[in-house]
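Here subunit A shows up in two complexes: once beside subunit B, once beside subunit C.
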Partner chain A sequence: MPLDTSSYSLALLRLDGRRWNELRRIHAQISTQAAADGSSYLEMGNTKVICTIAGPAEVRRTGGGGSDAEIKVEIDIAGFSGVERKKRTKTDKRVAEMRYTIANAFSSSLLTHLYPRSTIQITLHILSQDGSLLAACLNAATLALIDAGIPMTDYIVACTAGSTSSYSSNDESADPLLDLNSSEEMELPFLTVGTLGAGEKVSVLVMETRAQIGRLEGMLAVGVDGCKQVREILDQVVRRHGKKLVNSIVE
Partner chain B sequence: MAYPSIAIPGQPLGLSSQYASGPGTHVQNAHICASILGPVVEYAQDTKASSGKTRDSPPPVLSVQRSAQLVSNDAALTNVLPEVDAVVLARVTRINPRQATVAILVVGETVCSDEFQGLIRVQDVRATEKDKVKIFSSFRPGDIVRAQVISLGDQSNYYLSTAGNHLGVVMATSDGGNTMYPISWKEFKDPVTGVTESRKVAKPF
Partner chain C sequence: MCHRRVVESNQNPDFPNQYLPQREQRQHRGDERANSSPAATMPPPLTHPLFSPPELSYTHTSLLLQPPIRPDARTPTQFRPIIAETNILPGTNGSARICFPDGNEAVVGVKAEVERSAGVIGSLLRKGGRGEGGGGDDNEEEGRKGVGENAWVELTIEIPGLRDDDALPVFLAAMLNEALLASGDLVDRLWINQRWHWKLYIDILLLSPPLSYPIPLLSLTTHLALLSARLPRLISEADEDPLFDNDWEASIHLYPRHNKSSEPTPSKPTATKPKPREQPPVTLLVTVVGENIFFDPSLEEIAVADLLLAVSISETIDDSEPPPEPKPTTTKPPRNIRLLSLRTIDPPARLTPPGVPDALNTAVTQAETPKNKAATTDADVDYSGVWVPPKGGSKRKLIGRIIQMVIEHGGVGEEVLEGLEGVDVG
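Entry: the complex of A and B
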C-alpha cells in the first residue's frame, strides 16, 4: 500500500481519511488506578497506553542516590498490542532508547531537586500500538505525573510528524503529515517532537528514519504545531480533573 | 483576584514582585508559576522571619495545594518515620549469624505506608549473656518482632534492639507452617505437632 504514490496525491486524504494536519482522536483519563501514586490512560487513535507513577520514594539500593530525584522508566509492551505477536527481550534497543528518552525529558521538566535521594518510577503499559508510540508514552506520563502531584515547570506534550515525499521523487512541494499511524510510520520518514510549555520550546526530538535535510524544517514546524493542539486537549483533561477534585472537596 | 481558582502546572499565577513563591509553585521569568495541579491559596507571610525590615510588610505568599491533601484525611497524610526510642513492629526478612534484617511495618501505633529496612545485630538481641546469643535460635524469617529503634543507623538500615522483656518475637510460625504460641521467654510451641522452637520471645501484655 504505497501511500505516497497512489491515493494521497489524488485526494489529499490519508488512508484513515484525515487531512495532512489533522490529529487522530485523543482520549485521556487521569487517576485511573487507585493503588498508584499517579496514573493515567491515554488513547491517540488506536495507540493505547496506561501509565502509573510510583514515588517519589526512598532509594532501595545501598549507596543512597544523589541530590536530585532519579527518574526510572519501565516500558511493558503487551504481546497482543501489535499486528503480530513479537517476543521482546529485556534488552530491546528500541525500548531502551524510549526509556532513556522519556527519563531524560522528564528530568529536565520535573523539579527533581525537591526530592533528593529518591526515585520516581514511571511505568508504561502499552496495550495497543498504532504509531506515535513514544509520543503517546510522553503524553500519558505527563498526565500521570500531574496526578501524582510531582512539581514540574510545565507540561511535556509530544506528537509525530512525517513527510510524504519519498527520497527519490525529490518533490519539494510534498506535504508534511501530522500524527502518523503505524502503516504511515512504516513507509514514511517521521520524527517525534515533544515541546515544553505553551511556547515552541522543543525538549524531545527523536528521528529514527532518514529524510532529506530540506524536509526537516517542514516536519518540525508541523510537529510543533501539533504539540500545541495536543496541549489544548490535555489541558482540558487536566482542568476537568481539577474541577472534579475541587467539587468533591466542597461536597 | 488575578489568579485562577485551580492552577495547572506551568500556569502563571502572578508577578514575583507582588507575591512570594510558596509550596507548589516556582518562579519563571519573574512570574510565580504553578508546578502542581490544585487550588491556589494566598496567605500572609510569617512576619517573624523577616523582623529586620519593619517598614514594608513582606508580600503575600502564593501556593498551590495538592488536591489529595484536601481529599484525604490527616492520618493518611502524616508519613511517619521511625525515630530513636520508638517501638516498632517488624517482619524478619533474612538472617545470618551476625544480624537479622527486618522490614519495619508499624511505628508506634501508626502503620507505615512504606516498609523501612532495619537491622538487629547479634549483640542487640538481649541484654544479658550477649556473647551466647545465636541469631538462628532467636529469629527466623517471617517472624513478627517488636523492637526498639536504637539508632537511625547507616543510610540503608535503622538499627533496632530487642533487649528488654517486652521486646522480641510476638508472632511466629513453625517449620510446619502453623502459628505458634509462646511458652517461655525463649520458646514457642506448635499447637499441632507439639514441637518447640527457640526464639527471643516478647513478654505478652
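Entry: the complex of A and C
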C-alpha cells in the first residue's frame, strides 16, 4: 500500500481515517425529479450520482421488442466530475462496460416479463467521482427503479472491496478493505461486488486489477458483508420515503 | 465562432434568421434511430409540441385576451418558482443546481485549469492594445483591457438523449456563450500573466428531458454557478510560473463581490477607485402572442407563440459611486442593467398542424347540401376559433416594448436579479 504504508500498519487506519471494514457515508434520496418516472440521488462519500428512469415505455422502433422489457442504460459522466476536467465520449470502452454490467444485473432482478415489448431506460448522471463508481451507479439505479415502481425480486446493492497490498508484494498480513475511494483505487487491487438482497447471492462481480488468488476470498467476503450494510441503508431510505408519502396522503 | 447579433438601434424587426433548421434536425434524428440510440425514439417535445389544434386554439385565444389568461394563471411577467442551490459539488470551482416545479432540472459545474498561453508575443501585442482579433472577438471596443481571448471560456451543454453535435445543444451553448463573452470582462479576469491564463470550463447538464425550451433554466443555473465560482489566490509575482495559495478560504471569487467597507481588501490596499463590476449574464425567454408579452413561458405557451425571443442582460455594479444617500422613499435604487444580446428562436408553433374549419372539413360537409363546395376559397371560410399556425414576423414596436420591460427600473430584469440574490452563493 504505497500511499500510506506508514500510517496503515501503525494505526490500522486508512488515509481518510476509516478502519478496514468501514463504509463511507452513504446519503440517498428518492423521487428527486418530478419529470422522471423514477429518480434518485446517491452519495457514497464524494461520489455523487443522479439516476432517472423513463419507462417502462413502449418501444418505438419498428421490429423491436420481445416478450421481456428491454433495459437500456445511459451513463453520462460530467466533465467536471473528476479531479481534472475531462470530457468522456459516449463510446468510451469503460463506460460501455459499465452500461452493459448494469443492464445485465437488472435484467435478472427486475420482473421484466411483466412488460413485454417495452423499454426501461436508466439514465445515470455522475456529478462527482471518488471511487466505487460502478457500485454507486448500481445502488442509485436500484433506488430509482423502486421509485419508478418497477417490480423486482430484491434490491441489487453493491460496494467495492480491495486489499491493502498490491499484487507483487508478498505481504502476508494484507488486510482486505471495504469501500475504496479513488486514491486507494488507483493504488490497490479491488473488485466491485453486487448482491441481490442481503443474502450471499452475488449478481455482479467486476475486477479490473490483478490480485493474488489467496486474497480474493477475503476481499469477496468483505465485499458481500459491505453489501449487507448498504442494503440496510438503502432500505431505510426507501422506508423513510414511503412513510413520508403515506403521511402526505393521509393528511 | 458564434454568430453574433449585437443589438443595434436599427434592428431589423423581421428576424429572418432561424437557427434551428428543421430539416437538419430530422436528419440527425434519422441517424440516431439507425443507431438505435435509446432516447431517440421520441423527439423532444419542444420542437414537436404534442397538442391538438383545438388545444392550441384554446391556449392561443386565452393568451390573446385583455388581460391575458395563462394556462397556469400567472401574470404575464410572473416567473415560476424555482428551487436553487449552489456549491453542491466540492470537486468544482463553482456549481449550482436549479429545479423547476415541472421537473426540469439542471446542474452546472465550473472548473478552471491553468493553461499556457499560446504565444508570448501574441499576448504582448494584445496587452499593448493591438487587438489581434484572436478568438473571434470581432466587436472589440476601444478602451477595453483586451488581454483575454474568447477561447479561454469553453461552454458545453449536455442534454440527455441528444447527441453533442445536435442542433439544439450547439445552438443553446452558442447563445449562452455569446452573452457571457459579450463584454470581454470575464476573459480579461482569466489572465494570470503573460504566459499563463485560466481556462474556464463551464459544463451544463440538463438532467431531465427538455420539457420546455431550457434556455432560462440553463442560463439561471450558469449565472449562479459563476457567482459561486472561486479561483485560488495567486501568490507568485508577475511573470513567474504561477503559484497559488493552498488555502481555499483565501480564494478569490471569479466575479468579485460587494466589498462593503467592513471587509478589508488585502490585495489592493491602495485607494484606487474600484472598477465597476460586471455580473454574469442572465438570459430570459420571452414569448409574444398577438400584442401580449409573456415571460418565462411554459410549454403550452411556447407551442402557440408568434415570437420567441431570448433576451440576455447583465448588471454592472459600480462601487465607486457611493450609493445615493437613503432617501425617505422606500423605493430601491435603480440597477444598472444592460442589454447584451437579443435572439429570435424559431417558434415551434410554425410546425403545428393547422385546424380545419368545418366549411372545409369533408366529414362535416358531406352530410350537408353540396352547395358548400363553393366555399373553398379562403375568403369565404370562417377561421375564428380554428388554429392557424403563425407565419412569423413581429413589429419593431413590440420588440422595443420587450426590451424596455426587461431593462427599465422596476422591470422584469431587476425582479429576476433580485430573486437570484436571494440564493446563497457562498
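Everything that follows uses one rule, which is that the second predicted complex is superposed on the first by the 248 of 251 C-alpha atoms of A that agree within 3 Å, B and C clash if a C-alpha of one lies under 4 Å from a C-alpha of the other, contacts with A are read in each partner's own complex, and residues count from 1 in each chain.
The rule is short, and it goes like this: a residue touches a chain if its C-beta (ideal position, glycine included) is under 8 Å from a C-beta of that chain, and two chains touch if they have at least 3 such contacts.
A quick note: this is a predicted structure, and the numbers were derived from the prediction, not measured.
After alignment on the shared subunit A, the placement of subunit B and subunit C results in a clash.
Within the superposed three-chain model, A:235 lies in touch with subunit B and out of touch with subunit C [touch as defined at top].
In the superposed model, A:197 lies in contact with subunit B only, and not with subunit C. When the two structures are aligned on the shared chain, A:66 is found in touch with neither subunit B nor subunit C. In the superposed model, A:150 lies in contact with subunit B only, and not with subunit C. Touch criterion not met for A:214: it reaches neither subunit B nor subunit C. Of the two partner chains placed by superposition, only subunit B is touched by A:248; subunit C is not. With the shared chain A as the reference for superposition, subunit B clashes with subunit C in the stretch 383-391, and the other listed options (59-67, 221-229, 383-391 or 401-409) are free of clashes.
Touched by subunit B in one complex and by subunit C in the other are residues 64 of subunit A. Of all residues in subunit B, those touching subunit A in their complex are 5-6, 8-10, 24, 26, 28, 33, 35-39, 66-68, 70-71, 114, 116, 155-156.
Listed in rising order, the residues of subunit C touching subunit A in the complex are 33, 36, 38-39, 41-42, 88-92, 95, 99, 101-105, 107, 109-111, 113, 156, 158, 160, 201, 203, 205, 207-209, 211. Every residue of subunit A that touches subunit C in the complex is listed here, in rising order: 32-36, 46, 48, 50, 52, 54, 59-61, 64, 72, 74, 76, 78-85, 87, 119, 121, 123, 125, 127-128, 130. Within the complex formed with subunit B, the subunit A residues making contact are 57-58, 62-64, 111, 146-147, 149-155, 197-198, 235, 238-239, 241-243, 245-246, 248-249.
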